[in-house]
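Please go over the structures that come below.
Presented sequentially are two complexes of chain A, the first with chain B as partner and the second with chain C.
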Partner chain A sequence: MKLHYYPGCTLKEKTTGLDLSTREAMMRLDIELVEPEGWTCCGAEYPLTEEKIVGLAAPLRILRQVRDEGGDILVTTCSFCFAVLRRANKAIREDPLKNKRLNAYLRDDIKIDPWTKDKTTGFKDYNGEVKILHLLEYLRDHVGYPRIRSLLKRDLRGMAVAPYYGCRLLRPQAELGVDEPDQPRIFEEFLEALGCRAVEYPFKQECCGSYLSVSMPAAASEASYRILRSARLNGAKAVTVTCPLCFYNMDHRQEAIKETYLDFPGLPVLFFSQILAWALGVDKERLGLEEHSVPTEGLFIDHPAAEVRS
Partner chain B sequence: MTAQKKDKRIGLFVCHCGVNIAGVVDVEKVAQVLKDYPGVTFSTNYVYMCSDPGQQMIIDTIKEKHLDGIIIAACSPTLHEKTFQEAARLAGLNPYQIEIANIREQDSWVHSDKERATKKAVKIVKSHVEKALQNEDLAPIKVDVTRRALVIGGGVSGLQAALDIADHGYEVILVEKNPSIGGKMIQLSETFPTLDCSQCILTPKMVEVSRHPRIKLLTYHEVDSVSGFVGNFKVKIRKKPRYVDETLCNLCGECEKVCPQIVPDEFNMGLSFRKSIYMPFPQAIPGTYTLDAEHCLGLNPVRCGKCKDVCEKKAIDYDMKEKIIEEEVGAIVVATGYDLYTMQALGEYGGEKIDDVVNGLEFERILSASGPTGGTIRRPSDGKIPQSIVFVQCSGSRDTEKHNPYCSKICCMYTAKHAMMYRHRVPNGQAVVFYIDVRTGGKAFDEFYQRTVEEDKVLYIRGKVSKIFKEGDKIIVWGVDTLAGKKVEVEADMVVLAMAMVKADGVQDLLKKLKIATDIHGFVAEAHPKLRPVESLNAGFYLAGCAHGPKDIPEAVSQASAAAAKVGDLFAQAELIHEPTVVPVNDELCSGCGICIAMCPYGARSLDPERGVAVVNEILCEGCGACAAACPSGAAQQRNQTDNQIFSMLRAMLRE
Partner chain C sequence: MRVKLKASSEPHKFIERIEELSGENVYACYQCGRCSAGCPVASEMDLLPNQIIRLVQLGLEEEVLRSKTLFLCASCFTCESRCPKGIDMARVMEAVRHVLEPKGKDAYGPCEVSPELAKELPQQVLVSLFRKFSK
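For the complex of A and B:
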């Protein structure tokens, strides 16, 4: 089965591990991920930061393309892309003024084929027909945990993982509605379906520092340190994330964190898709672990599921 | 009808209402134009029709000109219709021959163009002349009153209302769903701002209620259904089986000793345990044990039966059944109380998962001498005496985004009391209060709060708490100090949340049975927020206490007394008067289709199965006209608002 998938820029450049492991895992679930043709950057946070509506054109072009290719669902793994796409979609669906003005722009699009130089015009108005899902939601609502459980190839019972939600997966709840932002369960249930132990700790929705990584690195270090420390004290052997920016702050920044906070011995950070792929039997080499700053050795112990069960 | 129309002598009185009407509508012109309108024999204008001279003018003119119908062109009929009806009655004219043409709210107040507003006023008045020509003399409907009241809820409001009504000399039935009366107030430790013991001031009232010759106390009973109407309600009350004969039980307590089932104690907010056969608290009224069937091993001597074996009085009866009691009452006081917002809803504050984060009522039990710790302040998780407590006001209140938008009113005061009590009992302990505002509107309230801050050195931080979580043995509270403009982190041994007050759990089912209106938060709605604060819009229902919204004890008691006084007003009348402008059924025209029955929001209409026509209970009919509009055959015609009258009015309006 084919499923539209929007990787987003970061997954193509900085965090290919998230992209690679997602593709490998979905293949094990008999789902082929298809990228919408000619996709662009979703605009990251900027389309939503001001009242100006033209910034929403970029995410909506992507969604229109999905619709024109016959897709009705688009999945993403990056929390930022997810939030931008879903909120842009909601805006065009529910705000008549934004819908009118954006479609007035988008109607005049001219698409030029890079090879044949053929021009395509006359786009049909986009009214929010595509449904945007984070992969976690897709796995919960469309694939279903029982099916995932039946396909598990490895036993992850030894793995104690702290799910880290970050901000963009859950908030603003009124627009995203993935889960209750103060007591979310979606990530925990996902990990438990894979056989892991989901570690309960109070910092799972606290901010990692986000863009402060650029302007105030010390503040980002402090924010990430608090999360990692809390996860470790509560017994986590790793933290798992859905967002490339969280990954950057928590993983790449750990060298700096260790220099500031001498008591902190380090904690591996994984993408949720890497754990999924591993549980479904993907080889360690295909998880994209080489780009991690914090060593992940010792986490991936190969216990075949059947062997343990018998 | 036509004959009457021709003969009628209509008088028109146009009111200036100072400049309210005259500023926009040319009142003299209105009176002038209508002078020659068919049916009008007299027409004038005056500055204030509702004033004494204005009314006297109406009375004199009716007598002088032998008027048999009058139009007052003035403000909305909701304001002065009664005034002018009374004036008509004094002049010997049937009050239902009065028509109010609203040229203020529907004309002068909403328009500015004098010429067009005047034109509109003329049209409005003309349409009322057409209606008045066809008005009939009506007599109010009279009905007897059952001078007996039902009070639902045995908390302080219900107790006060029952006592006051009984002291007025009327019988009262007090229904309480729990095994004992006392409500939430009996669970409190001390009461602000005087710090008198809650049990000490409430138990005398409880005893008085139980001993009062005119109060029939039904504890462990619930209202099953209510039918009828003001002055004549029929109530079915469900008696829940207590499995203990309260007349035989001598409180020896042997049954409790042998009962093997341990259950969280509701009276102590689950902070301690009781047995399955229990007495809620020592001063419970009625003084009897109650067997909680839900937690009992099975009401079966084969499975357990220990309590029955040891009961010397033979008071325990496993075969007791539920029973329905029927009572007739004339008025119903709803005093069903409140509950606290659930902690699960506040995920950011731990969502009930942290043992040492408790709500205000739990802390009351911890403070109480009769509580689970005997009045020593100990935290639930390990029984340690907390060396620091953080109090969080407005937990779940004043939050338009996620929780309840309203202020729960009592939390500022009880938090000050909690912090003060804590500082008295743990002198070295640190008390920190997070607040948005401190609202101390009440007699001696602010002085009490000042004492908490100045004498008892409680630290008040202005700002909300964003997150509460556990780290090791400590509870970490994150908040903001909005005066300093800084984030703050406080370590505490225990946290007390001043939880929002919300409608009582499950009360919506009862209110649906009573068919009375609630506000958007599920609290019982009053008839008028300022002028009729203790009555429901539905006649015969009165409200008292927190069923109506958050309030403190003095306010709840005052409201209960006010509701009782209103019940007294009702019972003091020889008979009740009901507006005659109801919608009767014309048997000749009615086909028995039943559409009007479905339309009626008051349950006033039903089908007579023998004659196959609709019948109406005129006392229940509020004259809304829904049935008249829906009736396909014209059999439902509202008195003095018939289809003919409405069409005549329309014609007058549309005729240029």
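For the complex of A and C:
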């Protein structure tokens, strides 16, 4: 089965582990991921003022391309891309004025037909036909946990993992609607379906400091430290994330955090797809673990599922 | 917090501009303070989110525009999800930054990121940071 997949900029260079492990895992689920042709950056931020509407042209161009390729679902793994794409799609579907203005932008980048000289040839207004899903939602609603469970190759019962949602996956709820913003369950259910123990802790939907890690490093370290500390105190052996920026703030910043908080021993940070791929029997070398600055040794101990079950 | 009210000539102009840009009704706020209570970077701010919105209600443009809070908001929408009146504070912050744009220089521009750091950072952080904090 083919499925449209939008990796986004960061997955191609800085967090290739998220991309690689997603592909490996989906292959085990018999799903081939197809990237829309000529995709660009989604813009990372949804424009929050009405006058910056042009920021929506980039995500909608990607979505129009998916529709033109015949795709009706687009999955993403990065929370930033997910939030921008889904909110842009909702805006063009529900706001007639935005729809009109943005389709006027989109119409501009259609090449003029050399034969008919007609600019509108082949252009069909994009009205939000594509459905954008985060991979977690796709696994829950379209693949289904029973099917994932039937394909598990490794036993993860020893793994206590803290799910970390961050900001862009849940909020604003009215526009994303993935789960409750203060009591989300989707990540816990996913981890439990894989056989892990999902650690409960109060900071799972707090902000990691986001882009302040460049402009205000101290504030971002503080925010990330609060999350890591809370997860550790509640017994987590690792934190799982969906967003490359959360990963950067919590994994790469741990050096800086340790300099401020001398008693903090460190905590590995993983992508949700790495745990999924590992549970489905992908080799450790194919998870992209070499990008992690906090060592992940000791987390991936091979217990074949069949051996334990029998 | 003590604020000196001045007889500003056209306070409603600023308020109307903020409401137009953000699409939020700033007068809906009744100062419960949940936005500030949940804000992950409130400790670094000179004016708390609820104080910003109060100053907007009073039309005190200058006080709002010189606050460093505007460039501390990470748009994490925690305030949005908790506001009992349904105000999206991140949108109000963005609108105030938008008003500030033609007046000042980049709050955080590409020149301030060293090449070594830029190599290490994920691309998305640079894109989102400059979208928020530079013109």
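Here, the second predicted complex is superposed on the first by the 291 of 310 C-alpha atoms of A that agree within 3 Å, B and C clash if a C-alpha of one lies under 4 Å from a C-alpha of the other, contacts with A are read in each partner's own complex, and residues count from 1 in each chain.
The rule we apply is simple: a contact is a pair of C-beta atoms (placed from the backbone, for glycine too) under 8 Å apart; a residue touches a chain by one contact, two chains touch by 3 or more.
What you see is a predicted model; the values in this text were computed from it and never measured.
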- Query: After lining up the shared chain so the two structures overlap, which partner does A:Pro202 touch, if you call chain B first and chain C second: first, second, both or neither?
  - Reply: first
- Task: Report for A:Ser150: first if it touches chain B alone, second if chain C alone, otherwise both or neither.
- Result: neither
- Looking at the overlay, what does A:Gly43 touch: chain B (first), chain C (second), both, or neither? second
- Query: Counting only touches as set out at the top, which of chain B and chain C does A:Gln183 meet: first, second, both, neither?
  - Reply: first
- In the superposed arrangement, does A:Thr116 touch chain B (first), chain C (second), both or neither? neither
- Message: According to the stated criteria, A:Arg171 is in contact with first (chain B), second (chain C), both, or neither; which is it?
- Response: second
- Task: Could you look at A:Ser215 and tell me whether it touches chain B, chain C, both or neither (first, second, both, neither)?
- Result: second
- Item | Of chain B and chain C, the chain that contacts the larger number of chain A residues | C
- Both chain B and chain C touch chain A; at which residues? 181-182
- Message: Quick check on the complex: what are the chain A residues that touch chain C?
- Response: 8-10, 13-15, 41, 43-45, 48-52, 55, 78, 80, 166-167, 170-173, 181-182, 205-207, 209-216, 218-219, 222-223, 226, 244-245, 247-248, 252
- Taking the complex as given, what residues does chain A use to touch chain B? 180-183, 202, 230, 233
- Which of the residues in chain B end up touching chain A in this complex? 346-348, 351, 467, 469-471, 476
- In the complex, go through chain C and note every residue touching chain A. 20-23, 40-41, 43-44, 71-72, 74-78, 80-82, 88, 90-91, 94-95, 98, 107-108, 112-113, 117, 120-129, 131-133
